[in-house]
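Structures for review follow.
Presented sequentially are two complexes of chain A, the first with chain B as partner and the second with chain C.
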Partner chain A sequence: MNKDQLLKKRYRAEKRFKFYGLVSITLAILFVIFLVNVIFSKGRAAFQRTTIAVEVNFNTEELELSSNASIEEIQDADFYDLSINSLLKLYKTEGAKQEKELLRVFSPDHDIEIKNFLIKNLDNLNKNVIVNLTTSDDIDQLHKGNYPRHLPEERRRISDFQLLIYDQLVKENKVNKVFNTFFFTNGDSRNPEVAGIGGSLFGSFFTIIITLILSFPIAIFASIYLEEFAPKNRITDFIEININNLAAVPSIVFGLLGLGILLGTFDLPRSTPLVAGITLSLMTLPRIIIPCRASLKAVPPSIREGALAVGASKVQSVMHHVVPLSIPGTLSGTIIGLAQALGETAPLILIGMVAFVVDIPATPIDPSASLPVQVYLWSEQAERGFVEKTSATIMVLLSFLIVMNFIAVYLRQKFEKKWS
Partner chain B sequence: MNLAIIVLIVLFSISSFFFARTKVKKIAISNQTKLNALPDYYGFYLSLWCALPALLILIVWTIFEPSIIKAFIFQGISGENAQTYNNSELNLIYQQIKSFHFGYFTGTITEEIIRGAESYKSFLSIAQGSKIVLLATIIIFTTLYALKKILNNNKAREDVEKIFKGLLFVCSLVAILTTIGIIFALLFESIKFFSVINIFDFLFGTSWSPQRAFVRDASTITAEEYADLKNAFGTVPLFAGTAFIALIAMIVAVPIGLFSGIYMAEYANTKVRKYSKPIIEILAGIPTVVYGFFAALTVGPFFREIGEKFGLEVSSESALAAGLVMGVMIIPYISSLSDDVINAVPQSLRDGSYAIGATKSETIKRVVFPAALPGIVGSVLLAVSRAIGETMIVVMAAGLAANLTLNPLESTTTITTQIVMILVGDQEFDSPKTQSAFALGLTLFFATLVLNYIALRVVKKYREKYE
Partner chain C sequence: MINNKVKIKTTNLNVYYGDKQALNDVNLEIHSKEVTALIGPSGCGKSTYIRCINRMNDVIDICRVTGSIEIDGNEINKKEIDVVSLREKIGMVFQKPNPFPKSIYDNVSYGPNIHGLAENKVKMDEIVETSLKKAALWNEVKDRLNEPGTSLSGGQQQRLCIARAISVNPEVILMDEPCSALDPIATAKIEELMDELKKSYTIVIVTHSMSQAVRVSQRTGFFHLGKLIEVDTTEKIFKNPNNKMTQDYITGRFG
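Right after this comes the complex of A and B.
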């Protein structure tokens, strides 16, 4: 091989090597795009709910109400018969089987939906009104085009008769899509069409607040101590080793800690944001301390020396000068730590947050779910409707994380002083 | 209740701040003396003494109150009845009493429970009363003590700073306490487990099926039953599954992560770097449950379909799908760490290599990479530890059956999956099955501890070399 060939070969190797790097980066970026795309294309549909317009006659006599009934009275009334009668008027049925199939076009809680409509619009008493009622999950999926309707009947969850009803209703323009407020306000449910993340939103909110309250002051104090006051001795070394190690301990081990100590020894209430918050704050503590220390370290010694030179004590120089200057870095570190805690699932599963909770928690000691746990719970469900609900929950969770990370980056870039 | 007490203490402590400040000022003016510190420090001194001891006592009290009451109730139950209960029965009765007291009990109400609930109520009120009395006394004493000091014109600033530094120190001890808590929680249950199952049978047994384990007092198990029991708790399939999935993840993550890191450190201009680095780091910020969902819903079925086309039997919960997605998750850890490590290699090494005519890639391969190798090994070790401890992806995508297999298309299970599966839902207390989860946790904790320790040591050594 002569010199030229060798040189060419070397240049080719150079190009190849650079190409590998480019391919790797592109692959990684493609993964991000692909993942986000899958989640968004699946989850988008969950923000819409299919409804069918049904004519309801709010006859006070039939409902056994007084002619100007109060809200309490309506709350107590039974709307089931009225609801069934209104639904059966939609399409001509023969026999109990067809009646049942017609009713199955709707979500099982149609009577409560009608009741809630009346409570919101009290002036509709004794009137014939069109109410948009939520369809069952199967019809919802059919209307959104996710359901194969050309399969033979026995392999479909929707019967031929239901398809007939559906097509007729579509022809009459009675099937609508509305924005799915249920998704944000309702608690969990076995019926995907009315299941919502209201409960887990509150659960996550309480959990994060408790995590913030517990971990933020302790993390800041600990990092101030370690960075500014700690003498160089064995105890300090031991604390540092512990912090570095805890930051890398798998999160599920913290779940075992919560289960064994918080639930086992201290008898705290299971499945609650309180326990979740304590567990997660123990987990995030070292992850916050590390960036906090870095931002304290970034404050140049001249600041400390200047304060000491004009007669401030060590504590004064730290608290009045160093800590205020490190606040942007500290805050952004804390927010990133909290964002990690918000997405954490495994420890919460171990402390029992996987319980099926319909009610929206009012306090941190009520049982509840949280957003990531809701994702896990729904992903285990077989119904088609839960797939889009899960993806939509992920979209909500991701948007919280994006906002938090964005705030962290903004704080750092806007307020952090560059020393050099 | 506790919240009200805390609010009261805080309010009292805030008002004592203002009280002390004005008091000290007045004294200084009337006595014509010079104060030893700024008036604010006297305020801080008094308010710290008001609040800190009382809050500390309150915390300790709240932590220990339930277990003390529980002990009293246990005594009551066993004292009244001729029949003796074992520990788990006592626990059950205690839970029933508690739920009866709070009004959400749904079972048959027995005489015993009613009596228990009555004594529970009285214990609660006794505890409440004595807590308030104790706190009030402590606050009075500490306040008087601090007030006396202030009136004697103490060196308030130094005293406050001492207390403050003490507080900082205590906060930094939380890290040690957490570690102790973890070790305690894991060891406590694991020791119980290993008193039933021999530790060697646990570590080297090749069959795992804890749902077969029966609940029985450990001392009465016969040799025959033990032979059966030990077959339920052999962890070799779990270790193998964990290692296998971690290996698949590494096969995906190491080349992609490493090449991205190298490209970013050596080739990319600032603009590419500025945009591609945060995008890749998004992968690290996505919650693992999202990856799990992605693996179970998209990647698993995708492999299955492809497999079907080639006539292969692919489980929809295959090790391949879980490992692949886990690898994607780990890419940013390797890429950003190796990026840092490569950047830390001194420029003079590169310049030397260029000076004798090496191309950029030759310089990277022969000079920069060997120099950065310890750091890169450290970052890979950290990534391995993360892969071993990763839970949600494998729980959702890797399957539950403990197969001892090397076929990536079959389903395998991991340590973390089994911990979750055992502990999810209602657990029987004191059964070897529940305890085995803690024993698994302990193994996991030590495995990651060793990996992290080695990795951090290697990285640290490496940094020192070029500083």
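Right after this comes the complex of A and C.
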């Protein structure tokens, strides 16, 4: 081979290499677009809720209330009969079967919805008011165009009579789509139309706060000590190897640890953010210590020497110069570690966070769900309403993760200082 | 010109990095208020020697120092010595300028601050100003004391490091090849500065430049392979050295 051929061969190799790179990047982008597209197209609908306008007469006599009832009195009152009567006025029915089918157009908790409406609008007492009530999941899906109404009746959950009611109500302009605040404020429910991520939002929030409180200070002090003060000997080598190994341990193993020790030995309350936070701290610790140590190591030794040479003690040189310079790396490492913990499912399943919890937790020792576990729970459900809610929850979780990662990048750029 | 008061005296100084011996029985006297230059080929132990004087070798885990180092007749190579107050007395300027990534003012005020040398802001301003003036940097930076020290040019950064070293009012300044990263103009400024500084401080400078040693120092020591081969007045070393190796080195026959 002469020089010319060698040169050509080198150029060809370079072009080939660039081509491989471009292909990989294109594939990666296509996968991301595909993923986001699937989640968005499925989850978008969950942010809307179908309602039907129903006329309700808040007659104090019928409700057995005093004429200017207080909120407490209304809370205790029974709205079931009033609710049933108002709904049945919507469409003419014959027989108990048709009555039942008409009521099933609505979500089962219609009486509570009416009660809550009155509590929010107390001046409607003794008035005839239009209230928008949530439809059942099937009607919701029908209105969103996801329901196969062309199937024969025996293969549908919506009966022909219910379809008649629906078409009539649509004609009367009584069926509306509104923004689904229930999705954010309600806890979990067996009825997809009123199920929400309120409980799991709070559960995840408490969990992450506990993880942060426990793992951040421990990780910072451990990494400063190991990097700056610990003598280099066999024991510290052993610790270093173990930290690296722990970071690679499958998360479900930490779940087993939480189950065995926190729930088993210490008898902490199961399904709670407290236990979840402690378990996730154990998992996150090595994952924070490693980037913290890396950012301490990245501070040039000349800075340490400069401080020592003017007579700073070891602690002063570390605290005044090395630690401030490592803050951007430390913070972004911590946030990325917490983001991983936020998306973790397996260890939470083992400590019982998969329990069906309707109430929104008020403290970290109340049973609760968390966002990723909620995704897992709803993905097993057959109802169409839960399918879109699963994707919508993933959207919420992803947006939290993206925001956290952006904060990490922002902090790194903001606090990064150039050294000579 | 030649001062006969001994400031630093090392006797049978040996330094080991693990199994490797870096200094071998170095006996050297450094005289007060003059510039002593240490020359020799790379790896001969010059830097190791000056790092013994302010105990900077303590930072290196595998480093072991034996023998005696006396400053004004007081032994400092023993455990009981507090290195923090030792380093307050013996400042150091490094090969590569290493200002803290803080403001120019904070770079100079850091030392006095941790040693509690200024009881108030006015006193601190005074210390910063005199230190920067002594380092011949005041006129260039007096209007931008709040800008980061790292924004200065290389020569200015090195003078800032000198200002930082003298801010705590040391008795000795150790300089480890302070001009090797600088251009000739910046080097000339530092050399002029050293002439001025030697009136109040004892200076030990490690240098690879023979001409710099001739220009700035009154006394020169020649190191080779961890041994101090010869030490004498600079004039004698460069005109008529006793040792043949010294002769060969300064005339460029090896090293």
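In this text, the second predicted complex is superposed on the first by the 394 of 420 C-alpha atoms of A that agree within 3 Å, B and C clash if a C-alpha of one lies under 4 Å from a C-alpha of the other, contacts with A are read in each partner's own complex, and residues count from 1 in each chain.
Note that a residue touches a chain if its C-beta (ideal position, glycine included) is under 8 Å from a C-beta of that chain, and two chains touch if they have at least 3 such contacts.
Just so it is clear, the structure is predicted and the values come from calculations on it, not from any experiment.
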Task: Fit or clash - chain C, chain B, common chain A - done: fit
Task: Which superposed partner A:Lys97 touches (first chain B, second chain C, both, neither) - done: neither
Open item on the list: Tell me the angle subtended at the Cα centre of chain A by the Cα centres of chain B and chain C, rounded to the nearest 10 °.
Closed with: 60
- [ ] Could you look at A:Phe229 and tell me whether it touches chain B, chain C, both or neither (first, second, both, neither)?
- [x] first
- [ ] Quick one: name whichever of chain B and chain C touches more residues of chain A.
- [x] B
TODO: Once the structures are superposed on A, label A:Val249 by its partner contacts, choosing first (chain B), second (chain C), both or neither.
DONE: first
Open item on the list: Between chain B and chain C, whom does A:Ala309 touch in the aligned arrangement: first, second, both, or neither?
Closed with: second
Open item on the list: After the superposition on A, what does A:Leu325 contact: first (chain B), second (chain C), both or neither?
Closed with: second
TODO: Classify the contacts of A:Arg149 with the two partner chains as first (chain B alone), second (chain C alone), both, or neither.
DONE: neither
TODO: Using the superposition on chain A described above, determine whether A:Arg190 touches chain B (first), chain C (second), both, or neither.
DONE: neither
- [ ] Between chain B and chain C, report the minimum C-alpha distance in the superposition, expressed in whole angstrom.
- [x] 9
TODO: Residue by residue on chain A, keep only those touching chain B in one complex and chain C in the other, then list them.
DONE: 313
Open item on the list: Per the contact definition, I'd like the list of chain A residues that touch chain C in the complex.
Closed with: 231-232, 300, 302-313, 316, 320-321, 325, 417-420
Task: List of chain B residues in touch with chain A within their complex - done: 63, 66-67, 70, 157, 161, 164-165, 167-169, 171-176, 178-179, 181-182, 184-186, 188-189, 255-260, 262-264, 266-268, 276, 279-280, 282-283, 285-290, 292-294, 296-298, 328, 331-332, 335, 359-362, 364-365, 382, 385-386, 388-392, 395-396, 416, 419-420, 423-425, 437-438, 441, 444-445, 448-449, 452-453, 456
- [ ] Provide the residue numbers of chain A that touch chain B in the complex, in ascending order.
- [x] 10-11, 13-14, 16-18, 20-25, 27-29, 31-32, 35, 38-39, 42, 217-218, 221-222, 224-226, 229-230, 238-239, 242-246, 248-257, 259-261, 264-267, 282, 285-286, 289, 313-315, 339-340, 342-346, 349-350, 354, 372-373, 375-376, 379, 387, 390-391, 394, 397-398, 401, 405
Task: List of chain C residues in touch with chain A within their complex - done: 54, 56, 59, 61, 84-88, 91-92, 94, 96-101, 110-111, 114-115, 148, 150, 157, 161, 164-165, 167-168
